[in-house]
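Per-chain residue numbering starts at 1, and chain names A, B, C and D are given in the order in which the chains are listed.
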Amino acid sequence: MSAFPEVSKIKYEGPQSDNPLAFRWYNPDEVVAGKTMKEHLRFTVVYWHTFRGTGADPFGGATMCRPWDDGTESVENACNRARVAFEFFEKLDAPFYAFHDRDVAPEGASLAETNANFDAVAKVLKEQQDATGVKLLWGTANMFSNPRFMHGAATTCNVDVFTYAAAQVKKALEVTNELGGENYVFWGGREGYQCLYNTDMKRELDHLGRFFQMAVDYAKEIGFKGQFLIEPKPKEPTKHQYDSDAAACLNFLRAYDLTDHFKLNIETNHATLAGHEMMHELEYAGMQGMLGSIDANTGDLLLGWDTDQFATNYYLTTQIMLVLLKYGLSPGGVNFDAKVRRESFEPIDLFYAHIGSMDAFARGLKIAAKMIDEGGLSKLVDQRYSSWDGDLGKKIEAGQVSFTDLEKIMLEKGEVEANASGRQELMENIFNRYLDLA
Amino acid sequence: MSAFPEVSKIKYEGPQSDNPLAFRWYNPDEVVAGKTMKEHLRFTVVYWHTFRGTGADPFGGATMCRPWDDGTESVENACNRARVAFEFFEKLDAPFYAFHDRDVAPEGASLAETNANFDAVAKVLKEQQDATGVKLLWGTANMFSNPRFMHGAATTCNVDVFTYAAAQVKKALEVTNELGGENYVFWGGREGYQCLYNTDMKRELDHLGRFFQMAVDYAKEIGFKGQFLIEPKPKEPTKHQYDSDAAACLNFLRAYDLTDHFKLNIETNHATLAGHEMMHELEYAGMQGMLGSIDANTGDLLLGWDTDQFATNYYLTTQIMLVLLKYGLSPGGVNFDAKVRRESFEPIDLFYAHIGSMDAFARGLKIAAKMIDEGGLSKLVDQRYSSWDGDLGKKIEAGQVSFTDLEKIMLEKGEVEANASGRQELMENIFNRYLDLA
Amino acid sequence: MSAFPEVSKIKYEGPQSDNPLAFRWYNPDEVVAGKTMKEHLRFTVVYWHTFRGTGADPFGGATMCRPWDDGTESVENACNRARVAFEFFEKLDAPFYAFHDRDVAPEGASLAETNANFDAVAKVLKEQQDATGVKLLWGTANMFSNPRFMHGAATTCNVDVFTYAAAQVKKALEVTNELGGENYVFWGGREGYQCLYNTDMKRELDHLGRFFQMAVDYAKEIGFKGQFLIEPKPKEPTKHQYDSDAAACLNFLRAYDLTDHFKLNIETNHATLAGHEMMHELEYAGMQGMLGSIDANTGDLLLGWDTDQFATNYYLTTQIMLVLLKYGLSPGGVNFDAKVRRESFEPIDLFYAHIGSMDAFARGLKIAAKMIDEGGLSKLVDQRYSSWDGDLGKKIEAGQVSFTDLEKIMLEKGEVEANASGRQELMENIFNRYLDLA
Amino acid sequence: MSAFPEVSKIKYEGPQSDNPLAFRWYNPDEVVAGKTMKEHLRFTVVYWHTFRGTGADPFGGATMCRPWDDGTESVENACNRARVAFEFFEKLDAPFYAFHDRDVAPEGASLAETNANFDAVAKVLKEQQDATGVKLLWGTANMFSNPRFMHGAATTCNVDVFTYAAAQVKKALEVTNELGGENYVFWGGREGYQCLYNTDMKRELDHLGRFFQMAVDYAKEIGFKGQFLIEPKPKEPTKHQYDSDAAACLNFLRAYDLTDHFKLNIETNHATLAGHEMMHELEYAGMQGMLGSIDANTGDLLLGWDTDQFATNYYLTTQIMLVLLKYGLSPGGVNFDAKVRRESFEPIDLFYAHIGSMDAFARGLKIAAKMIDEGGLSKLVDQRYSSWDGDLGKKIEAGQVSFTDLEKIMLEKGEVEANASGRQELMENIFNRYLDLA
């Protein structure tokens, strides 16, 4: 029985279409910059927001209307929900999905029972993957919702909770591996602190390093070849999360010698909560070889919390695609870690939301590809740095000169060659022109 | 001739004093936690704000009344100003000062002339240091005010500007060395970008790494033994500064293999602009062995720019001193990188401002020392983590267990031992009690 | 049966006490500035956070341990909870409490049943008020938690919801009146919008004006003499709330001719979310005769949501009391619209939290009273404006001069008399001295 | 002699053009929604940023290359600069300009001399207006740059400064009147406070009310028919500006009975610094009949100061035009209170910057007009509120029902009619579709 009987498989109809249940830009097999859109974009639906989001917020209860869900925490309901999810993935033409352990399967009275529940649902997920061809982008463990994690999971002050978390990740890794997950993600929602007065930051971070090392060891043990990813976020729910931004994650990974095993999953709304442009975080991770995947939502820069909205802004999607075309994405994906607004509570809103954002990314891809192809911005950038391409620049870059050498040159010249305009406004105009024409 | 004839040397008069030109808490030779206040606090006056601040802001001109300054860019005026500065340091009983090259001496028509000006003023600084016993905490080079640095100094797109910057730092290192400076600071006010469209971040950061390596080499060459410091700040004047926060700096230093040569100079107002508590940045740097010095100002958390105000808030000064007592400060100092308000334009305001903040740090020191001595907070912290002191905790910390071991334990237990309250409110009350009684 | 058998009535023990269950500063009958502390402070416990707070946040479930609460939505549980609440009020020595309709009594299957539930619990509240002497500071209606209010209550796009809200406020006014409530509060948590694209702001605000007028009319009809209060907040849960800050509320009240019937209930954390100091909002409302009451919490200025923490910062409590001593508070109160941290889940934490904040306000009262009495700040303020006390100033203030008159004066003078320093730093030092000595 | 010999009059060349010195969207005589683009948009160049901006920022000196400006404060230089400005206005095809008194003419040694300087330059402005047909959108007085205004102008603590400000506005009104200015603007950059401790807010606001009343009286006296405008901004340079946002301005205007004489000039970057969307502030002012004009820049939401950048974002320009098409703009304009980046220091950047933003507003106009014409969003909005169009809604809106009537209805119904989805995501998709197709 269909959960979305009124919706057929979403088709590409082109930019003029005013069918809200059609793609206007996302044309999966259209080739852009040498690959199909489908290969570039690797769209992924997240179970967490899309199938478990209730619409509750700190001041109000659940609003979402999900007729297929009986509201119970039974395994049966979970299995049924999984089947609905795959109907949604298929109708949306999304090649990937992603889940947390606790999203897909209910907790039991003990860890053993919880694991059994997880196995039961995983069986359905496997059947559905096989039946539909939809693949698992990544798995992860929810170590933040249950009150046992109130003080953290790997960074808790309670050694028992660390132990539980270890067991939970072990299981999640196994299931991810069985389902062919291409990545495994850590988002440390409670790995941080509410108050420095009661916190031993150093001890907590040492524990976190230990935890990740064990995860690496266990992945090796079971032959899991997927990419480990850390998802930075600076705050919310905690006052401070250790994985604040790309820089904090990379400093941590370097300090604990984990750079060979981890990359980053960058999310727009987390980037901006940390005070950074999404494009900055992507470039910063990418230039260090550490860009793994993206969470493709957006935030509201006038609000101070994670709104996790569906991204439809072409400036944002173009900027993202400019960086992704530069560094590549696979085995990561464009993961819709986004939720419909609390007031958009009807099932059909899930389609509108995903379709609009898939289109926005597809359009961003086309704009970015054309801009790169024609050197729209890059010609000006190359020219800007051209003084570095001369002899002196090359020597400096090669480490062949000292302060003494450089002082000699400048004492002779007395003053520098004039600077040229940075041309920011012109480049913004050029960006708009590509937005008009691509 | 005295510039401050109406002010005598500031004396300690005790908390009851209502003399605005006396210390109520800073008693230099009073011993706290095993050292004199003077040794703990290493108060430093900054030339930049205190003797070159004009009160101009983006919407208005200079307001400061500085009768000793003739307003010219002559070397003579610079030398005279330096003498006034030392009168101020002495009357304030500040053991240290700090300067930028361009603050103490005017630029000339060429680099050679600029260097000569610098030497001329440095001679006066040396005389004054010898005469007064006031020492140089650090030197640095101003590579942000002159328009040549509009696109950056070490990270400029203009190779000539990089060359100029190298020559400038070479000279500043030499002068700092001659004057016995105990540190050398880099604040990269223009090392960043205004716009990602026209920026090659990777190339710029490689250049910055190269620059710092040359500085290290040259320091070795001339026998400079002082500590190199980087001062993080996330933005302003640029949209993004590469040394955004402690994490970004440390990741950079690790990536370019510079951790043996650099530590951090943490500033309150920069920490908060980056979204962090000052106490967080101090602890984060300290726990990694990278806390070098502090800029002891404060900001206004409702304003989005660097207000560089004098810190008088006891919560802040106590929090800072809690961390400084833990990790130590020397050869760094408590550096007043703070400016009087634009409307506090009379010379006497410079005294009020420094005295109030020195008192606030002295009081913070006393409160923090008592809190540490009595275990006011630490007893509760130790208790909070006590589960980690058992066998299992020790084994985990020693790296002797695997996910498999831990899963076995938890499958048997089924669920974790109950958590205990984090007691944040109680600890805040205890903090207040120390504030009342110390 | 006692819910807090281990806690006796909290007593004043003085600043030296290290009993965490004693007051160190709040001494109810101590006279300060001509009134007892009890009369000045009118401390109020809120039902919402203290008895209905679960510790859930957007990323995790309930944590609070409340042994007296059976977790059901039965009227019996509600009545029992009310009795526990009064035990808490009494032991804490709080003279007032405040509630929402839906906090004290469960919703039924229809409005009629809901109202009956409310009446049943109100009967217990009345008994308890009579038995303990604890009074009702204010009542209000929760028109934000139930999904029916997703689009607003008085500003909803669904006329039925407006109708429901009207019926709900009618009932809440009746019950507040019966229980002798001294005020009635509106906090418009859903009166705003998530998105301007789908919103008719003018029509919504007209509806809100209409709603408030009906409330005024009905209060008159039933003889309710309490003060109506609006509580400003700029956002959260909605993107924009119409009652953003004091200015937005007052502009609305003026536009809809409601200034005679409403005052404001100012909350620290809402003030700062709107970009204002608490002291600003209090002074702004007070100077217009519109300061009614305060919500006495604090926020975290580095976080962008309403943390509603217990205020313990002496600077804040002193600033608040400086304004409250100026404009008076009654019939408002110092209302603890604050919640214990999610990790402070034990019942005893409720005592620690309230005691610490009551002490902080009591200390703030003493500091502020001394500062006002001695003219610590006001002498300098009076001096600062003294030029306005001359003839010209008086004439201008009286509206007796024109631009032409003033131009004539200034053309003759040519330039203004010199300004004097604003002395901000000195005043901050004086503030600290009062904090040390009061 | 031409200051821009290499630039001819900027022409419309259509979207495909890659000429950076042509308009791609702004086609002055093209009719959109019943009027020409020129009539709708009323583009205005500001003297302040465009001809007096130096590129200085709080950390560095002037960068702008302006070959026509000899850098002196002579009247001759000012007159010459004015002629260059009109060459720029003409080549850019901008129908309006706007100035501050102190931007166009230098201060003299006395008020009398200053006024004479102003008259001398005004004569040139008049000649140029007549010669070119470029008109004056508004005049204003700079009462923030000179140090005499450090404590405010109309809200200063120094009565002499108030007097000076009165004389200055008198003169500025006269000159604006002579030049046919269609509006007169007040931006109160220093009308606020740095610190509440030393401020008497009530007294200062009373003075401001008095000042505005005198301005109204004097305008009447001299027959100035232009519209008075207040430009809200929440902070910078001061910590708090009294004209914080539209709500604060309107509350002030209502309180001092000035609503008949003033409207608002809304600026994007000021709206966002106050925590509001530009579209919000426009709609808020417009729905109260108080929208006068706009400052058409943009800010950087990740930066906490006024960056005053040229707006090129189509979402922003479309949102603005949606509101302007609703409420109209005349006699206000689309005023480019925006500055080229410090690094865009060449004269040609002034053209790039204005052209790009004029195009962005022209495109926004076309998109908005099409959206309104086809009811792209409004059909959904009307449907959303349709329940209010029934009998009950009409009665409520007409003030014909009471709480008692409404309770009766709801007691019978028991529960409300179901809500419908708010459809935010769908509307965002529709917005994008118009952006693609208009």
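Please note the rule applied: contacts are C-beta pairs under 8 Å (C-beta built on N, C-alpha and C of every residue); 3 or more make two chains touch, one makes a residue touch a chain.
Remember, it's a predicted structure, so these values are computed and weren't measured experimentally.
Chains that touch both chain A and chain D: B, C.
Comparing chain pairs B-D and C-D, the larger number of C-beta contacts belongs to C-D. We define each chain's centre as the mean of its Cα atoms; on that basis chain B and chain D are separated by 40 Å.
Centroids of chain C and chain D (each the mean of its C-alpha atoms) stand 36 Å apart. The residues of chain B that reach two or more other chains are 147, 150-151, 194-195, 235, 275-277, 302, 341, 343, 345, 419-420, 422-424, 428, 431, listed in rising order. If you check the complex, the residues on chain C that touch chain D are 109-112, 147-148, 150-151, 157-164, 166-167, 169-171, 194-203, 205-207, 210, 213-215, 217-218, 221, 234-235, 240, 244-245, 247-248, 250-251, 254-255, 274-277, 279-280, 283-284, 287-288, 319, 377, 380-381, 384-385, 387-388, 390, 392-393, 396-397, 399, 401-404, 406-407, 409-411, 413-417, 419-420, 422-424, 427-428, 431.
Of all the residues in chain D, the ones that touch chain A in their complex are 15-16, 18, 20, 24, 272, 275-277, 301-302, 310, 312-315, 340-341, 343-346, 348-349, 352-353, 355-356, 359-360, 363, 419-426, 428-433, 435-437.
Contact residues of chain B toward chain D in the complex are 55, 57-63, 144-147, 149-151, 189-190, 194-195, 235-237, 239, 273, 300, 302-306, 341-343, 345.
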